[in-house]
Amino acid sequence: MTDIDRRHLRMLEAVLFASADPLSERELAQRLPEDAAIPVLLAALKADYADRGVNLVRAGKTWVFRTSPDLAALLSRDKLTERKLSRAALETLAITAYHQPVTRAEIEEIRGVQLSKGTLDVLFDQGWIRPKGRRQTPGRPVTWGTTDTFLDHFGLESLAELPGVDELKMAGLLDARPAIQIYGVTDVPEAEEDEDADEDDADAPSELGQP
Amino acid sequence: MVEDISDGSSGAFVVDIDGYEGPLDVLLVLAREQKVDLKEISIVQLAEQYLAFVAEVGRTNLELAAEYLVMAAWLAYLKSRLLLPEPAGAEEPSGEAMAAALTFQLQRLEAMRDVGARLMARNRLGQDFFARGRPELLSGNRVTVLRVDLFELLKAYGGHLRRREDVQPLRIPTSELSSVEEALERLRRGLGGFPGWESLWRYLPPGTFEGLNQGRLAARSAFAATFAASLELVKQGRVKLRQGKAYGPIYLKAAGPESDPQ
Amino acid sequence: MTDIDRRHLRMLEAVLFASADPLSERELAQRLPEDAAIPVLLAALKADYADRGVNLVRAGKTWVFRTSPDLAALLSRDKLTERKLSRAALETLAITAYHQPVTRAEIEEIRGVQLSKGTLDVLFDQGWIRPKGRRQTPGRPVTWGTTDTFLDHFGLESLAELPGVDELKMAGLLDARPAIQIYGVTDVPEAEEDEDADEDDADAPSELGQP
């Protein structure tokens, strides 16, 4: 804590505390003096609040104050009424989160059924998914991925914290290709190297750790 | 719904097809009935379970979407591949590879379901943890920020395209539904060919029976149009109709002077 | 501070943080466990935050967290008044994004309505569109395109990430015609012709959905 600028820390705290929505490090930098060491300050502030009733949490590239989850019961009267996600929407969300970047066709392949019209729309409207780029395959279909808003909603710091993501990866279950392609050609179940040439998908599943 | 399938010893299924999210979903539910790890599942047995399911739905006259039937056909094929010796030098993937692919698909779907449930079970914003209830705007110079996100932008473009489509000249697409006029024409042309009493069925357009069996709308409309046309011709005094009993076959005969004794 | 119940302090902190309104001691007492010593806790919490960027302040009989007054001036080089974009401006922006480079006359042609004076100005002032060149037609009208600031604001890496028309349709953002298909329509109305022949088109993504 010695080289932390207390004045900068207070400013950062004030900016974050004032906002109900997560702020990116870039937005924070715009608000603070130029010489403010944002990452160091964020780490210090996070530590300050670690045991309090309010915590500083990271969601992807964004930061925000949230009440501590263990106080949920106390705050139950503040609960927002939410629209229940349909089964199709929930599965689509899970597939998008775990297989991103993923195309609509791949989501349909995994679910074995066509996606009805509004399904992606609901998730997009909610701010949980967004177009991520295009797959370098015929038709150049749009790929979808999750947003920092999604991480914030589910209390995830990064995609690496998705429940069970490591086991699924180890089990080879995070392959969005048609199953018969995976087994049909080589007949060797372990042949799972995914060399999809997705040019603008540098942030493919391999990068799940550092969103 | 999962609970709606019961594999009772009487063999009686209670099927709620609306509760399913496609054929893979049905397969997953059936696979669970084998009560083994998905990796150990017997694909032959699963294929049989699925075919029985489809047959049951067919028996109760529920209409199944095409994708369920496609899966049934594929499973029947897969079953035969698994039971018969592999042909030598086949170009297709082996039966085992196809079975492995199906197992993989089921595992993958089940995994996505599980993690979806685990996601929803997490502490969530607005349910278990909360945002600052009283956000503040920090004061200073006045800068106007336009508030719009990508979703709104795309929605605006979509709305614009739609309105553009709306003001386009109306195009009436050709329909495959039969009109009474067509049926009249067909009956008139056909009447000369059959001097005596003839079943009205014979005047239906080709393929109508198969279509009716498959419940196709086009076939049903052809049937209705032909019937309506026959009534119209009776009204015009051009034909006579006869039906022995309710729901019995309908016969038709030209009412020309030479075939009518009156 | 020894006799402060840390658990109660955390609860108080979270309740005050999440509340949309300042809370009176009576309201606080209703939300916390019965044995919580509200006045003592409030005094402790106030002391905790005394030097921070956010302070716990009393307003009449109620309590509320507020940005520390000395920071307000420092932090806020900008008071953000948020404004919604008009529908005309939103559509103009979308059309510019999808059809760039595009002239004012072409935008009007596409929208089927005249552009009011300020519309392009608003988008230009915001830094979202800029002149791109001139059309080689009589009058040599200025063409417009989007800027990097635009990409940045909408979280796009490149224009190619904008979903095409088909994908908008599939995502439910663009409803097709009413479902005449039910009645066995065989003739699907096909896409309209588009004959954009622009020389200054170099950086327009050619495969963007052309309506």
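Letters A, B and C mark the chains in the order given here, with residues in each chain numbered from 1 onward.
Simple rule for what comes next: a residue touches a chain if its C-beta (ideal position, glycine included) is under 8 Å from a C-beta of that chain, and two chains touch if they have at least 3 such contacts.
Remember, it's a predicted structure, so these values are computed and weren't measured experimentally.
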By mean Cα position, the chain sitting nearest the middle:
A
Relative to chain A, largest Cα-centroid distance belongs to chain B
Counting only Cα atoms for the centres, state how far chain A is from chain B in Å.
36
Distance between chain centroids, defined by C-alpha means - chain B, chain C (Å):
40
Rounded to the nearest Å, the gap separating the Cα centres of chain A and chain C is 18
Among chain A residues, those touching two or more other chains are 14-15, 17-18, 31, 65, 67-68, 71, 75, 78, 124, 130-131
On chain B, where are the residues touching two or more other chains?
130-133, 136-138, 149-150
List the residues on chain B that touch chain A in their complex, please.
21-25, 67, 92-94, 96-98, 100-102, 104-105, 107-109, 111-120, 122-133, 135-138, 149-151
If you look only at chain C, which of its residues touch chain B in the complex?
14, 17-21, 64-67, 72-73, 75-85, 87, 90-91, 93-95, 97-98, 110-112, 122, 126, 154-156, 162-163, 165, 168, 173-175, 177, 180, 183-189, 192, 211
Interface residues, chain A side, partner chain C - complex
9-15, 17-18, 31-32, 51-54, 65, 67-68, 71, 74-75, 77-78, 104, 115, 117-121, 124, 130-134, 140-142, 200
Interface residues, chain B side, partner chain C - complex
130-134, 136-150, 152-162, 164-165, 167-168, 171, 173-177, 217-218, 221
In the complex of these two chains, what residues of chain C are touching chain A?
9-15, 17-19, 31-32, 51-54, 65, 67-68, 71, 74-77, 155, 157-158, 160-164, 167, 170-173, 175, 207
